[in-house]
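One chain, chain A, appears in both complexes that follow, with chain B as partner in the first and chain C in the second.
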Partner chain A sequence: MALPLKYNLRNVIVRWRSSMATVLGIAAVVAVFIVLRGMARGLEASSGNTGDPRNVLIVRKGSQAESGSLVSREHFRTLLYMEEVARNERNEPVISAEVIVMVTAPRRDGSGEANVLLRGLTPRGMELRPQVSLVAGRWFEPGHHEAVVSQRLARRFAGFEVGGTIRAGPTTLAIVGQMDGGGSAFDSEAWLDADEARSIFERDQYSSILVRPRDEAALIRLVKKVEEDKRLTLRAEREVEYYAKQTLTAKPIKIVASLLGMAMSLGAVFAAMNTMYASVASRTREIGTLRVLGFSRRTVVACFVIEGGLLAGFGGLVGCLLSLLMNGYSAGTLDFQSFAETVFQFRITPDLMLLGVAFSVAIGVAGSLLPALRAARLPVISALKAP
Partner chain B sequence: MANDPIVQVRDLRKVFRQGDLDVIALNGVSVDIAPCEFVALMGPSGSGKSTLLHLIAGIDRPTSGTVLVQGINVAELNESQLADWRNQNVGFVFQTFNLIPVLTGFENVELPLLLTQLKRSERRRQVETALELVGLSDRMHHRPDQLSGGQQQRVAIARALVTDPALIVADEPTGNLDAKSAADVMLILQALARSSGKTVIMVTHDPKAAAYGTRSLHLEKGEIAA
Partner chain C sequence: MNVLSFIAKNALRNGRRVTLTVSSVAVSCALLVTLQTLQRELTIPPESEGASLRVIVRNKVSLMQPLPARQLSVIERIPGVVAVSPFTFFGGTYAGETVTSFAQFAIDPERFRGLLVEGRIASGDYDDFVRDRTSCLVGADTMTRYKLKVGDRMKFTGTFYPIDPDLRIAAVFAGTVDDRGVFFNHKLLDDVTGGGSTVGTWYLRVASAKVAPDVITAINAAFANSSAEVRAETERAFQMSFMAMLGDVKSLTLSISAVVVFTLMLVSVSTMSMSIRERFRELAVLKALGFRRREIFSFILAESFGLAFVGAVFGIGGTWLFWSHINLQKLSNGFLIYFEVTPRIMAMGGTVAAVLGILSAIAPAIAVARMSVADGLRTLD
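On to the complex of A and B.
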């Protein structure tokens, strides 16, 4: 039978100074671990939360992202008249040829400049993205060199408030409104008229086409048609699927989280080990007494491993609370596909916190195993004679 | 049979290795101890009295010879069997009390019972009875650091008694106590042998403590002196 848990708890409390140091050390490791994963989760959510399942996004065959894609006007015209394309109440085809360009803008915090993704789009493009809403000012008017920026981007870049300007190639765009992308990838964009964008940046071609087929059957037919038409050399997929795949930015962060987590957890394991070795050393006589009373070596091992796990688990809980401070915090990072600043929110979810606590308990168990084995191997008589 | 020895020690030898030297702690000791005896093991430091006590109580193994306790050859038990055997058959009292500092008197006494199949209520009853027997019912929820030395040793005696073992071994139980507390502890141990049917084996340097016993065995250089 195991020793009562209160024995472990009270020992942790009695040695509160070293316990506290271990708890805080492990809390820091777990907090960093969770926050980094929360960052990757936020980036993934930003991509995953983008698009409409009824829309199809078309890019050049072989392009992984809109920013690296070119779609000719001829191809656009071919798509425009396809029977699968839905029409609005004015009998206009619901299709938007869009231009993606990168401009640089100064960061608000003075830490230099960063790329901002400018999307040139048509009024149909706005209809196709109902998750984006205007929150300040008004929408841009074609031909007036106007742009609307996302409000999250506006918080990160100087001069992005309504009335400010964006430097765009040889000209400047007046910012006339701010939009909310509803936590989607559009929160990292500034929008202007598509033809104006082509004119400013002297682009003969578009970057991508966003289209709404008539219905699900038409969507499937359209995708098949585009993919199979050798003249088009285009790739079509559901808009939501396209964005769900745009998680490359989160990958390096996940790798960093894992590497950093491993390196820090190694340190935390040694911290826990140190605490538990000290605990075993100061309780040698106690261990001898327990053995004399009939407690087995296995019980002694379990006792110290449980104690290490408890201590570290508590550290993990504190780490979770610390990481929660970052939940919802809006930040930006470089999108490794478009090389523009991408804005996301840290997402500290319950499953991440559970993972953090499990991680901390694993640290505690790993750190206390050797001290526990040492405690169990102590010869009973010499343990009894310990000071 | 009622008068058969509870402890039979035959040709017991214990040799410790210290560096390149063999140190003989016990050199062919043979002794019988009858039930309800209160035996004091006496002798100078290094005479082997504590070693003999440890071998009888199953916390050390002999180099040769046998220790039979209630007919069981203790040296033949493996580590796990020995732990169970100690829990069920031997109560321990130490000079330094050896109570768990973070547990209360009640919880300390309950420890050996956690290894039994007893229900919580039964454990509680047995712990209270043991503490009552040593006169500490009113201090059972105090931690060791809130008790005097004499009170701590009485808790230790209650812990030794609580599983109702046949044998109680005590290693210098009065070594850390003042005269009054020492006398109280000795009276309890004496009563255990006289009235509760326990066999008590005690190591002591103190002739006053030994006087409470029914018999004294003197050891010198690992042998029982005549």
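On to the complex of A and C.
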């Protein structure tokens, strides 16, 4: 027969001081673990959430990111007249040759400067990215040295509000609008006209080409055609696939989260063990009584393990609640692939919280197993005699 | 039995608890020290005496924006400049690796000779590197990592530039802060830099640290209002600006350290008060025997302080041993290079542990001081 859960619950409450210390300690461990994973999740989400499955992104073979890619104008012209390319209602090919450049700008909080990614693109490029919408001001007009910045970027950089400017050497770009990339990688970009970008930054070549093929079959044909054409030295892949692979920055954070989680949980296991041993020691007589009443050793072990799990699980819940405070927190760091500032939001998702609670219960069980075994092994008679 | 052995006996009488307390303090101290070291690694670039003598000139727009090669003659003539070379980050991948694990730069071999201040040629011949346009100068660490020898070939795939250089190793350098780089002739980039009309950055050495600020001002002024305005800064300032780009990662490490310290405090405070509560009756006996509150407090303090101290020694010392014997550079693929646990960080960890020892003695000491002897003697649990 098992002992009622109420017995464990009351025991935890009666020893509230040491229980609370354990709960808070485990809560801190779980919160750190979840927040770090949530940060990696946020970084992955901003790139994983980018692109349209119908689009194909073309970069130079061998380049790791759009920012390091070069596509010549001849190559662009070759692609422009491929039959696979879709046409819009005005019979224009839906293809955009784009230029990626970088400007160094001061951060708003005074913590130094960082690189901002500027994308020079055409009206087709904007049609190809329906997830980006204008939230303030207006779109840029070619030839007027105007730019539109992402709203999230504007919060991080000084002078990026509508009416502000971006300095690019001797040229200044007037910011005429703000856009919202819907949590995608475009939230870390500023946009301007492609040809204007090429002239300001003295670029002969484009960086990448974004194209919408007519249909799925045309898409597969186009990718194959680009791959096989030896003259093109280009690589074509689905836009979504390209962005899904841009996860280099999240990787070290994930590793740190796991290592830190492991080390901290080790400390938490020691703490839980301490509490549980003390709990067993002060309940020696009680345990003896339970055994005399006929509860088996196994029941006593289960009882203490459940108590440890309960205590830690409660800590895990508190940790989850604490970590929720960070959900949606907007942060920025250096993207290791583009070398520009990437803006992302911490994402504390239900599955991460579940993982955190499971993690805390595991800590509790690991920490209470030895004390529970000790409780079960107590000789009944001497346990009853204990003070 | 003297007082010290009395305290020691008391502290050690529950072996299991001592082990657990010391271990949890040790783990927390280890974490704290590791995090602080990480923070230091991320914020403070490796220091070398040459770093304040070397100046990097980049385009004011951003590091990715090239500079016109014609600027060389202007920079050369600025007083205080001893040597100057083009310095272009190639960023290729080596032997089919998917990420760039060490930097490659295109330079002018003849001019670069004067820039390798702390470095020495460990093997091979620098003159050979100057003569052979398709050869390269490789850092000793990279040589060891890939088991290369002078005369071997290194093949790179360009990620920023559409060329894939195949280079013969002419010479090996060692003794700089970062012996990983690969340097090759800038002429190889001619085809992709408009016939050699642009460079990535300029790398130069000044006569002394004293003239560095003047040289920097002069260079910045020389190209002000030109089509390619520049930003000149010392190598150290340049590295610092790179670290600044990491942004919120720094504050995150700080807050995690704070959480770790907090956890540390909870654990040891709760353990200490647990062990005192267990001994309430004994402490009452001590009181009855005539020991004063102050003396009892010092017993408790000495015990908790001692436990925290031992935990700190194990935790901090262990961490120091661990990080100084592990090749983190290899493990982290070159992301973390030094990861040096400095005396300063160790002292900080020790201070936190000491404060903890004191803090965790206070609550139980107050409880003991408040209790009346009669109550204490009656306590059963």
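FYI, the second predicted complex is superposed on the first by the 385 of 387 C-alpha atoms of A that agree within 3 Å, B and C clash if a C-alpha of one lies under 4 Å from a C-alpha of the other, contacts with A are read in each partner's own complex, and residues count from 1 in each chain.
As a convention for this text, a contact is a pair of C-beta atoms (placed from the backbone, for glycine too) under 8 Å apart; a residue touches a chain by one contact, two chains touch by 3 or more.
All figures in this text were calculated on a predicted structure; none of them were measured in a lab.
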Touch test for A:Ser207: chain B only (first), chain C only (second), both, or neither?
neither
For A:Ser184 in the superposed arrangement: first (chain B), second (chain C), both or neither?
neither
Output check: A:Pro4 vs chain B and chain C. Expected answer is one of first, second, both, neither. What do you get?
first
A:Asn49 in the overlay: touching chain B, chain C, both, or neither? Say first, second, both or neither.
neither
By the touch definition at the top of the document, which applies to A:Glu286: first (chain B), second (chain C), both, or neither?
first
Winner on chain A touched-residue count between chain B and chain C: chain C
Considering only the touch criterion stated at the top, classify A:Ser368 as touching first (chain B), second (chain C), both, or neither.
neither
Output check: A:Phe295 vs chain B and chain C. Expected answer is one of first, second, both, neither. What do you get?
first
Both partners, chain B and chain C, contact chain A at residues none
In the complex, go through chain C and note every residue touching chain A.
16-17, 20-21, 23-24, 27-28, 30-31, 34, 59-65, 91, 93, 98-100, 157-162, 164, 194, 225-229, 231, 240-241, 244-249, 252, 256, 259-260, 262-264, 266-267, 269-271, 273-274, 278, 332, 335, 380-381
Considering the complex alone, what residue numbers of chain A touch chain C?
17-18, 21-22, 24-25, 28-29, 31-32, 36, 39, 60, 62-65, 67-68, 70, 101-104, 107, 111-115, 168-170, 201, 204, 233, 248, 252, 260, 263-264, 266-268, 270-271, 273-275, 277-278, 281-282, 331-334, 339, 341, 387
Okay, in this complex, where on chain B does chain A touch?
54, 57, 59-60, 79-80, 83-84, 86-88, 92, 94, 96, 98, 100-103, 107, 111-112, 114-115, 159
Looking at the complex, which residues from chain A come into contact with chain B?
1, 3-4, 6-7, 10-11, 13-14, 285-286, 288-297, 380-381, 384
